[in-house]
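One chain, chain A, links the two complexes that follow: it is found with chain B in the first and with chain C in the second.
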Partner chain A sequence: MLTDARLVAAKDLRIELRSRVTVSQVVPFAGLVLVLFGFALDANRPTLDLATSGLFWVTVLFVAIMAVQRSTAVETTDGARRALLLAGVEPGAVFIGKAVAVAVQLLTVEVVLVGGIVVFYGASIEEPFLLASTCLVATIGIAATGTLLGALVAGVRARETVLPILMLPVLAPVLLGATRAFDDALGSVAVNGWSWLAMLTGFTAINIALGVLAYGVLLEET
Partner chain B sequence: MTKLMTDDTIIDRQRGTGSRTTFWLGVVGLVGAIALVFLGFFVAPPDDFQKDAVRMIFIHVPMAILTYVAFSLTAIGSVAWLWKRSIWWDTVAHGAAEVGVMFSGLTLFTGSIWGRITWGTYWDWGDVRLVTTLILFLIMVGYLAVRSFDGDEAVNATRAAVIGLIGAANMPVVNRSVTWWSSRRTLHQKSSLVNGKIEGLTLFTLMFALVVFSIIMLWMLIHRFRISWLERQVSEGDLSEALTARRAEARAGMDRETEENK
Partner chain C sequence: MPRGSDVGPAVSTDSVPGVCVVRLNAVVALLGRFPALAGVDLDISAGEVVLVQGPNGAGKSSLLRLCAGLLRPESGRAEVFGLDLATARSAVRRRVGLLGHDTALYDELTVEENLNFWAAASRVDRSAAVPALDRLGVSHRLHDVVVSKLSAGQRRRVAIAAVVMRRPELWLLDEPHAGLDQSGRDLVDELVIDAAAAGATVIMASHELDRTLDLAGRTVVVAGGMVVADRVQSGEGGIHAH
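Moving on to the complex of A and B:
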């Protein structure tokens, strides 16, 4: 199963790497959103200090929607899903592979975004380990949930508009949890980031389990 | 309901989806609602602190409880569809989701009116139950959006069931995260029912309201179930009728050919 997952992840990442969409479009988009938030909040440093974590994760959610949409589109064109099924790859492995590929893309964008909030918003990283762990756990959770929901709307005409409606409410705990954990890691608000990280871990575990269980049904039926 | 399922001709076209049971259920619900207005406005005493605003409790609390009952039904129905492919449960899940979205919408609406009167603000971000209900409401709006996709109904049922499952599985995390997030600034009172602060006529009226709203919800669910069931039969009926017609045409064509060959 893990070999299959690695193959699927490698395939998706290779497609991304060759099309260069993440580097040439998604990263600039993320940076642009950060700048726009700066304009919207009137580049007011005290306000930006308070809002940095939240803005970071809202931007990540926007990017996640784009990444999931691309990841789904790859499978819907040219009947690639059928081919995957016919190849005898286990659906759970396809799910894990696609989620890992989305997570890797998101983490790449997050590295740039962390640089962005340091430069544009003047954020200082007080606890790098907490920051990195939060990014990792939250991103895996986002990627898993997104991949499952992406498969759910695959093949539907209105999928571009429906996907955010389905994804964002389910990801609300990630926004709350990751924002709080970042508040701690950036030292902007005194909270216990680690307990939030524990909550995020629970979220991620639940949604990976759901994905492994339900992805096969969606892959075969939709 | 069992009658409807064994023989679709039982339902009289003139009477729509009603039956004797739903008729009396509706009557009891209606009379109960009128009695509730009387009890709630004139019999139950005003609160010491909230004065007359406390009367909101007779709509807000039953609606909130029934929202969760309805969405639990959706979750159970979703699992039953994915596991056993039970069309009956899938129809229940769909109906319960629609009724649940309506009830949760009304919960949020009455909650913000009540909040405006007692806390002086329509929306309080620190309120765990209100925020949790809002997120649940949004997830279920997504559920209904998926239900309305065109295409194969069974496929949409599977899609929706997965959402029902995701929603149900994530609710504990949503509730926990909102609780922690808002712990610094909550306005909502701790559940007054559990504390035993509500007593006497107010408690009686509240329980009465819960029964009345439950009856109304059941009435809606049964009607919604029957409508879905009929819709399904019409769409299946259309297909089988069309198939029979095409087959008859083909057979007539073949007959003609053999006639000519003779």
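Moving on to the complex of A and C:
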């Protein structure tokens, strides 16, 4: 299973590297969203300080929608999903491989975004380990949930519009937990970030298990 | 090299002539809520080359997808290689090669990267990729070209090479000549003949009767999701009911 997952992840990442969509479109888009949020709230500096964590994760969610849409389209455009079934690739491995590829893209964007909030918003990182752990766990959760929902809407004609409608509410717990943990890491609000990270870890574990179990059914039925 | 040795089945447990490879009995299959197959009865033996013909929407592609294990039978009895398609579709899939309307190629990857990926995914040795491309007349200078830069015909040849590489026991070809030039069409004909000579079973759906009637030993006519005629070509070019 891990061999197949690595194969699928490597293929998706190679496609992304070759198309350069993440570097040339997604990263600039994320940076632009961050800057525009900054323009909108800069007049009220305390509000911007308080909202930094939330703005960061809302931007990550927007980027995640784009990444998942591309990841889904790669398999649906020319019938590759069927070919994966025929090849006998374990559906759980396809799920893990695709989720890993999405997570790697999101983490790349998040590195740039962390730089962005430090430079543009003047944020200071007080707990770097908590910040890095939150990024890692929340990103895996977002990628796993997004990949599963991407497979769910793969057969839907208007999947580009249906996917965000499904993804955003389902990922609300991640937005909440990651924002709170980030608040602690940035020292902007006095909360226990580690307990929020524990909640995020639970959410992520549940969605990975759900994805490994359900992806095969979705691959067959859509 | 004996005829078909490079395209013959990798595993030939059920490729003994006369052994029933496909057995369908009153099979109903749905596409959404639409009955794509409405009670199909059909037996196909190992080594046969069967042409499936019929009007658009008759159920030809659905029949091929059913045999590939991609469409679940709703009722009736469906077996491929003696395996029940209701319960053992995964095992069937590994032994068939389906050429559909889609090419299942990734636009951003090169021809060779695509074939290497599908070889690894199908547990086929990667060294099978280049000979398969050679067999389809795909020039070596195209191996490092990304698929999005290929013409439709070149793309189709690469897709067929991906099927050849797997050396399936059952070939399911949906409009195999579509989008190919004359030399490509001739290569497909050669492949079908060689695969059958090597003991593989071939089922192809096609509207190009002038080409495929000569290749097939048997013609099955599908209409309204049912087999309405089944004829075996006689040696003299005539046909008689099967």
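Quick note on the criterion: the second predicted complex is superposed on the first by the 220 of 222 C-alpha atoms of A that agree within 3 Å, B and C clash if a C-alpha of one lies under 4 Å from a C-alpha of the other, contacts with A are read in each partner's own complex, and residues count from 1 in each chain.
Here, contacts are C-beta pairs under 8 Å (C-beta built on N, C-alpha and C of every residue); 3 or more make two chains touch, one makes a residue touch a chain.
The structure displayed is predicted, hence computed values, not measured ones.
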First, second, both or neither for A:217, with chain B first and chain C second: first
Partner chain in contact with A:206 - chain B first, chain C second, else both or neither: first
First (chain B), second (chain C), both or neither touched by A:173: first
Winner by number of chain A residues touched, once chain B and chain C are compared: B
First (chain B), second (chain C), both or neither touched by A:86: second
Which of chain B and chain C A:18 touches, first, second, both or neither: second
Of chain C, residues touching chain A in the complex: 68-70, 72, 90, 93-94, 96-98, 100-109, 113, 117-118, 120-123, 146, 162
Complex contacts: residues of chain A adjacent to chain B: 145, 148-149, 152-153, 156-158, 162, 165-166, 168-170, 172-173, 176-177, 180, 195-196, 199, 202-203, 206-207, 210, 214, 217-218, 221-222
Residues on chain B engaged by chain A in the complex (per definition of touch): 82, 135, 138-139, 141-142, 145-146, 149-151, 154-155, 158-159, 162-163, 165-167, 169-170, 173-174, 176-178, 180-181
Interface residues, chain A side, partner chain C - complex: 4, 7, 11, 14-15, 18-19, 74, 77-80, 82-89, 220
